[in-house]
Structures are given as structure tokens and as C-alpha cells.
């Protein structure tokens, strides 16, 4: 196991995902402990830790990819929270999903917007 | 036909796509003239013309969506050029596609990178 | 905003979607009011309002596209209702989804059929 | 092997696909002879031979599914020819693909239109 | 109807799917009785009954395809049970989904693992 | 950089992919040198190097995933060669793709078979 990458990943993962990520990871570890490490190590310790793009841009890429695929509702909601944490405004997230309608169709865009609505409502209730 | 949206779309389309777009549009018009107008009017006159996100961010969204889908090679290459025109560096485009590997898999990422390579080589030969 | 297209869209949207659409649209408007207008204006005011294909054929196209994508259950159920409203028989909707098994696989076809079953049962309970 | 279904499939396949289908089938048989029989037997001898939908409607379903998937260019071009043979007008095929832009995005729609353009040009040169 | 293929399919279907399959089939028959027969006849009576690959390998192919598509949660859970019945270990199923992360991305892999976790927990409670 | 994983990856990559992989990697390195290392390190040094599944099974998983996605022709052809190198017979590869028709549709299956045919012909010419 690459200790450095894994350690870097843990820091980036914690910074980017906060409590959202920790619960998700504990859940995953019960069934796939090695893969939970890989997930910290590769996406977070390797990709997200690279200096080439800032965290805002990285969340925009991720939201665009997940909304386009349209079948990862849990991941999409998690990254909507992470995008907000990274300083992206609610209106910009909706604006992003509007543009997805052009490339992946209106149903994919609408589904992403309704997922965003759920997240916004959940945050407002707290 | 909504003259204002279409006119706004023509301006935005020209600014964003330059010569790349004009040739594409002429090609499309031969078989689907109304749709060529809709394409100018809705994606460009409506979505890209909105103030909520700058053009750099819009190209990042588009590249992420197209690379994720992985079956729109022509559109992807066109938008790689448009991203460069918008001021996104070559290294950032490759960085973006690296991150796509996490969400849409390595083959989608590699195919997007090789499409970028083709575009970069084409530009260098000019 | 293109008043004519938007107005035409509102009429077509009301005629095609009835109460199903209105509730959906109110839900969407809370988070994305501009996009709710675009959705009325482009799919309904622009595409569905064109004379080239009748509404039955348009619903067949939409059901085929949504069943193929397999990740837009809400939209699929809504359009199953709209297809019934347009005069397509229940048996024809099932027949359509049978054919989808050839092009998009048996799971996509079965999921669409079970969505249709839910809609039929809901209508029978009323 | 179900002789009746296979024989029914051969007739339907010939009627629907004509020369387009025969060449395709010979090509497939070289590597997968059993599967070539299944393809005649299931899609054509079973699904397309059912009375519930006419052949025009079946081609509309197929074009919608293939254009939505966006990665089966050869099959899409073949079925554009079959749709023309079934009496669907060129303008209606383009109209169909316009509507796909709403559900599967503009790139999928444009790619299908450009495939149609290739087929139309090929037929006009004959 | 091809009696032989259908009869062969019923035997293979029963052997492979056990009680999981019967309930599913009864559910499907209510809305699509002919298609329920085709599903027994083609996937099970035709494909799964062929000698070229053993049932373990066939379940590996199916799990890989379903996890890659990422939008057939019910089918995926059913086939996780069938894979266990065929003698594939829980650890191997997780191992398979790890590899899917490379080709279809981390969200598809994680979703498949969490589906497996649900199935394992359900079996452990019995 | 994790030297151990990268070194393990280089060995596994060489063993699994032979000359096919080296050329591909050199091509990728020109535009994305870091990512070429990640590709060796994660899929090969991390996933393929794990003991849980043998290399034959791993190639079956990969072929199933790539054929299902249907838009990674280059990767699919490369892995057809790697599957043959791993000792999977040509007939088994075709058998695998037959089964894909059930889950991802006939066009995805046919396209994979025709890709296999190209690879078989290329090998026979040598």
C-alpha cells in the first residue's frame, strides 16, 4: 500500500467531503475495505490532490459527469454538498445542470435539479 | 421564430465557436435547417448567453459531459478547440480528462485524451 | 424571452401533459424557474408543436428514448400516462417495450414494463 | 432450433431489410453463425413478426433507441434505410431525430442527423 | 412458440434462478405474458443453455454488464444471488466490482458493492 | 509516486498486455505522462495484481464491461487480444458477446463480435 498517497488522500478526502464522506466510507468499508482505501488513494490522494485545477473546478467536472450519467443519485447528492462547501453558489449548480440539458438531454438535467432541490431543502431544515 | 434569441445565439455562437462552428452548421443545415436554427437558439442563444457562468466554466462542463458520454468524438474535438479559445490551457484539458477516469472509467478518459492529442497535433501543424 | 414560443409551449404542454405536467412544473419551478420556462418553450413550444409528426408518434419516440436510457423512471412513468392520453393502447406500450429488449437489452425492457404496470395499476385504482 | 420461428424470421428479415440485411448477416455468420440465426429468429421472427405494431412504428422505435444510445452508427444507418423502405419520409426521420435532442441531448441528435445525411446522399448518388 | 426452447428455458431458468426467478416472472406475466415467455426462452432456453461457458462464467458476464450499466438495480441484486448460488464467493463478487471501477468508474463500482452489501445482509438475516 | 505499486503495475502490465500495451502507453504518454503512470499503477499495479481472481476471469469482466459500454472500440480490440493471450478461446469470446445481447442489446453484441472478427482476421494474416 502506498502510504504517502493514502495519507494524502485521507487529508484531501476529509477536507473535501467532511462528514458526508466519513459516513459513506464507513458504509463501504464493511463490504469492501480494500476498495475504500483505493477510493481514498486514487480519486482523492492522486487526482483531487493534483495542483492543476482548483477544488471548485474539480467539483464542476464531477457534477457534470455524474449528472450526465444520470444513474448515480447518491454520489450526485453528495457532490452537490461538496460543491456548496467548495464555494459554488446554489444558482451556479442549477445553471450547470441547465447546460447539461443540451448535452445529455432534459430528463438528465431535470433529475439533477430535483436532486439539488432535495439537498437544498435538507440543508435549510437544519 | 424568436428573432431575439436566434440573433443572440448567432452572436454567441460566432464568438464561442468561430470558424469551427460555421462549417459544422453549414453541414447540418443541408439536412436539418430548422434544427440548425434551434441549435444556435437554444444552446447558444439561451444557455451559453446566460450570465450565471463564464465561458471557461461552460466549456469545462461541456468537455466533462461529452467525455463522460464517450460517443460524440466530433463534438468533443470541436469543444476541445473552443476550450482552448476560451483560454483553458492544454494541461488543464488533460487534467480534466484525468478526473473523468474516476467517474466514467479509464477508457472514456483515455479516449478523450487521445482526441485532445489529435487536436493539439492538428493545431501545431498549422 | 420568446413570448410566442413560450405561449405556444404552454398550450401544447397543457394539452399533452394535463395535470401530470402542471404538478411537475411547479415542483421544478421552485429550484429552476428559468429552466421550467425553457422546458415548456423548447420541447413543447418548439419540438412537440411542429406539424411533421403527430402526437402519438411523438410519444412513441419519447417512450423509446426514455426506456433505452433506463435511468429516468419519473419521466418514463409520466410519458406512459401521456401516451395513454394520446390514444396509444396499453398493449401497444408493452409491445413497444418488448422491442426495446432487442436494442437496449432485457433489463431496460423489463424495467420499462414494470413502470408501465405501476402506472396501469395506479389508473385502475382511481 | 425452432424451425418455425427461424423460418418466420427469415421471411420478415428479408422483407424488412432486403439486400442491406443479407450482406450484414453473411458478415456476421463468418464469426458467429449461431448468433446470426438467433438475430433472425428473435428480433425478426419473434418481435418484428408480432401483429401489435406496424412496421413503420417498429422502425420509429428502433431509430429512437439507436439514436439515443449513440454508439451504433452502422445499425443506425441500416435502420434509416429500412425506415425509408417502410415508407417513412426523409423529413420525418429528421423530425424524429430533432425530438431525440430533448431526451438524449443535442450531440446524439446531430450525430443521427449526419448519419441520415450520409444515407440520403448515398441513395441520391445511385 | 418453440416448445423445445421454451421447455429447455424453463428448466435452466428454474435451476439458475430458483425462487428469485419465479416471483419475478409472475410479476412480469401480469403485464407482459408473451414477453415473460420470451425471457425464459431466449436468455435462458437459448443463451444460458449453451454449453460454451459454465454457469459461473455466465454470472460473471452478467454481473459485469449490469454493474457497468448502473441502472438495473433489481436485476443486479437478483444476479448477485444467482452468482452466490452458482458458487461464486462473496469476496469474488466484490473483487469483480472493484475491477468495474476501472472500466465504468468509481460510482458504478460503489453502487454495485452497496447492492451486494444489501444482498449479503438480507441473506445473513435469514 | 508509489514506487512499489508502479513497479508491480509495470510487471503486470507487461505480462498481460505485451506489445499491444507498450505501443498504446507510448502514445498516451506524449499527451498525458502522469496519467499513463496512473493507468499502469491503478488498473494493473493495484486491481489486476490482486490475487482474488485469475487473469482469465479478469479479461472476461473487462470484455463484458467494454462490450456493454459499446463506445470503446480500441480498448475492446486490445482486450480481445489480451483475452486470447490469457488462454480464452475465440469461440468463448464470441459466446461471451452472445450473452451481452441479453443485457445490453443486439447492436452492442454485434459490434463486439465484428470487432472480434477484425482481431481474429488480423492475427490470421500474420
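Note that the chains take the letters A, B, C, D, E and F in the order they are written out, and that residue 1 is the start of every chain.
Here, a residue touches a chain if its C-beta (ideal position, glycine included) is under 8 Å from a C-beta of that chain, and two chains touch if they have at least 3 such contacts.
In this text the structure is predicted, and so the values were computed from the model without any measurement.
A.B. asks: Out of curiosity, which chains are bumping into both chain B and chain E?
C.D. replies: A, C, D, F
A.B. asks: Among the remaining chains, which ones contact both chain B and chain C?
C.D. replies: A, D, E, F
A.B. asks: With over half of the numbers shared counting as same, classify the chain A/chain B interface as same or different.
C.D. replies: same
A.B. asks: By CA centroid distance, what chain is farthest from chain B?
C.D. replies: Between chain B and every other chain, the largest centroid distance is to E.
A.B. asks: Hey, which pair has more contacts between C-betas, A-E or D-E?
C.D. replies: A-E
A.B. asks: Provide the C-alpha centroid distance between chain A and chain F, rounded to the nearest whole angstrom.
C.D. replies: 29
A.B. asks: Please work out the Cα centroid separation of chain A and chain D, and write it as a whole number of Å.
C.D. replies: 39
A.B. asks: Which integer distance in Å separates the CA centroid of chain C from that of chain D?
C.D. replies: For chain C versus chain D, the centre distance works out to 24 Å.
A.B. asks: Identify all positions of chain B at which a residue touches two or more other chains, and write them in rising order.
C.D. replies: In chain B, 34, 38, 42-43, 50, 66, 69-71, 98, 101-108 touch at least two other chains.
A.B. asks: Hey, how would you classify the chain contact layout here, line, ring, star, complete or other?
C.D. replies: Here the contact pattern is complete, since every chain touches every other one.
A.B. asks: Under the touch definition given earlier, write down the residues of chain B that touch chain C in their complex.
C.D. replies: 2, 4-5, 34, 38, 42, 46, 50
A.B. asks: In their complex, what parts of chain A are in touch with chain C?
C.D. replies: For chain A paired with chain C, touching residues are 69-71, 94, 97-98, 101, 105-111, 113-114, 116-117, 120.
A.B. asks: Give every residue of chain B touching chain D within the complex, in rising order.
C.D. replies: 27-28, 30-32, 34-35, 38-39, 43, 66, 69-72, 74-75
A.B. asks: Report the residues of chain A in contact with chain D in the complex, numbered from low to high.
C.D. replies: Touching chain D: residues 101-108 of chain A.
A.B. asks: Would you mind writing out the residues of chain D in touch with chain C in their complex?
C.D. replies: 42-43, 47-48, 50, 52-53, 57-58, 60-62, 64-69, 91-92, 95-96, 98-104
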